[in-house]
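Two complexes follow with chain A in common, the first pairing it with chain B and the second with chain C.
Then we have the complex of A and B:
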């Protein structure tokens, strides 16, 4: 668990604090996304967690211990760190890049080798001879994967990720996000994730914290932030399509109504979604099948139905705008 | 012009001069590498010192070699002979070496250093495992330039008593003997090329393939 208590950072010569009296907590096993425009202080906050920057005042606790009292190098070895530019050592092979922190920790060579093999498999880098390649021979997506593998090498309980998928094209970025979320299901790390991309933030976050000009503006789950933005800044950050974004985060089962006898037809026509799938997908199915409602299934059996008017009512409710229905 | 005949007729002398020249160059290189590479590394830690040291090396490099040999010869404790020659040549190797080491170590991509630090590397580990390995291409460039410079300027040491290939050239000029001049010049050039070739081979082994973007 990471906890920040009244943390302020003032860089010498800067007119205003880069981080202004910020307090929050990142719970065990959660992905906490720090979101905001460039220069809002989110990266500085991340860099204070592993003491690449020192807070001007306030304190940062990791597992209830004040980080300022620990040895910086030892602290950093116990925390995974991924940056946008990857920071891979160009003169070392992929395998030796991944082996960096275990090497610093003085693991025996055999243990390092087996851990590297394990990580290459985990990150889908075990094909061909990627382990023996040098960073400049890799694609952007592969480099980012190696960066993540390197950060996870010594199996740190906490990972700090600074726009880890920012340097690749949108298609690869979505694939890396999906893979990472799947991986997180297994490893359950405590993750602090910095991004300026609202879509990435909503997708990755268990908990979302929004910053503007060094101040913490709002925190909460993505649905909470989308349904009740704290101010105009958050509203503009989220964009005009927050209704649609909410539908992406809402499971079909939460809006469905009980099935009636007519709805069996939906099952037959294939106009269905699974109960755990997002409402946005249900909309997509409705449009494709030219229907006003879809069946919501659990496995093969019909659990309920979801209609266009149910969705419209929900959007109006969460957007706080009066329904015309 | 008959360089081959000249060389054969004076084989003993040419060999002696060549050996003296090579031994002087090698001694100078050994001292210069140890001294100037460590100087380059030290000033990379002290930015204020770096400006002073690099300016000094530029100024020293601009002094004509013949006058520097002459000046040192007149200083107490130096006089004619090898010690003076070694000191002056080490000074000429300073600029290319110190500058290349300093710039090589300093110009390492900041994000790589940042990542190393963020992974928990100590400043010494960053220097030894990141900065120096990544600076090798530039350091080697500096070493190869300094080898060529030292081999060439060593000919001037003949004026303070070194019996090396510079003597062939100098005497050739006084006697108007072009064979003698050309023989001296060709051997000096070949020596520089040979040393440079050896450095190129060492360079291939030392520099990581990850930094050779042509492979």
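Then we have the complex of A and C:
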């Protein structure tokens, strides 16, 4: 668990604080996304957590211990750190880059080797001779994977990720996000994730914290932030398609109505979605099948139906607007 | 001035060779002194705590380069007199700048994100220097040392003017007695030494260089 208490950072010569009296908590096993435009202080907050920057005032607790009382190098070895530019050591092979922190911690060589093999497999880097390549021989996506693998090498309970997928093209980015979310299901790290991309934030976040000009503007789950933005800034950050974004986060089963006798036809025509799938997908199916409602299934069994008017009602309710979608 | 091939061959085989070792001393000793001074100083000047002194110290090194070696000898003449010691001193000062300048440039050009990541992984400042900055700076540092070494091989000729001996003795004898054969013989040896020293340092550079550049 990471906890910030009234943290302020003022860089010498800066007219206003880069981070202004910020307090929040990242719970165990959660992905907490810090979102905001560039220069809003989100990266500075991340860098204060592993003491790459020192707060001007306030304190940061990691597992209830004040980080300012720990040895900075030891603290950093216990926290995974991923940055956008990857920062892989160019003179070391992929395997030796991943082995960096275990090496600093003085693990025996055998343990390091088996851990490196494990991580190469976990990150899908075990094909060919990637382990023996140097960073400049890798693609952007591979470099990012190695960056994540290196951060996870000593199995730290906490990971700090500063736009880790920012430097790759959109297709690779989405794949890396999906893989990472899948991985997180297994490893359950406590993660602080910095991004300026609202879509990435909504996708990755268990908990979303929004910053503007050094101040914490809003925090909450992605759905909470989408349904009740705190102010115009958050509204503009979310964008004009907030209704669609909400539908992407809403499971079909939460809006469905009980099935009636004619809904069996839907099952026959294939006009169905699974209950855990997002409502956005249900809309897609409606459009394709030219229907105004779909069947919601659990496995092969019809659990309910979801109609165009159900969705519209939901959107109007959450956004408080009388708008047609 | 006429050219006598026989005299040239005699100069190549008998007059010049005794000065080779002397001349190499005039290169190696100042080079060692210069490396021992310039390398630690420049490494220190790239540390955050001392970075603000860089321009001042570099001004001193620059001055060392702009003053002709003979003038350096003149400055230290009252203290060290003529001979071997002032020659070594002048050559050492002369060799400082290329090493210092290239070392500072090399260490400063290690990518910021690499240093940041190394620090973020929990390397101590000393580990970052030893395991990241220095290995990545080897090519730059060696460029400075090579430049300096080749420069010193030719500048060391001047040592003969203040009684510092070396291959300069042969060349200046040739100038004084109008014997082009001696001048040419001395120059040929200077050239050979410069090339060989450069080759050897290149080998050393290859050996020390980070493996991704090999």
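Here, the second predicted complex is superposed on the first by the 321 of 325 C-alpha atoms of A that agree within 3 Å, B and C clash if a C-alpha of one lies under 4 Å from a C-alpha of the other, contacts with A are read in each partner's own complex, and residues count from 1 in each chain.
By our rule, a residue touches a chain if its C-beta (ideal position, glycine included) is under 8 Å from a C-beta of that chain, and two chains touch if they have at least 3 such contacts.
Not measured: the values here are computed from a predicted model.
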| item | value |
| --- | --- |
| Three-chain arrangement built on chain A, chain B and chain C clash or fit | clash |
| Which superposed partner A:308 touches (first chain B, second chain C, both, neither) | neither |
| Which superposed partner A:87 touches (first chain B, second chain C, both, neither) | both |
| Chain B versus chain C as contact partner of A:107, first or second or both or neither | neither |
| Which of chain B and chain C A:24 touches, first, second, both or neither | neither |
| Footprint overlap on chain A, where chain B in one structure and chain C in the other make contact | 50, 52, 73-78, 81, 83, 85-92, 100-101, 104, 134-136, 150 |
| Touch list for chain A against partner chain B, complex | 47, 50, 52, 72-78, 81, 83, 85-93, 100-101, 104, 134-136, 150-151, 160 |
| Partner chain C, residues of chain A touching it in the complex | 50, 52, 73-78, 81, 83, 85-92, 100-101, 104, 134-136, 150 |
| Residues on chain B engaged by chain A in the complex (per definition of touch) | 109, 111-112, 114-122, 125, 129-130, 133-134, 207-211, 213 |
| For the chain C and chain A complex, residues of the former touching the latter | 111, 113-114, 116-124, 127, 131-132, 135-136, 210-213 |
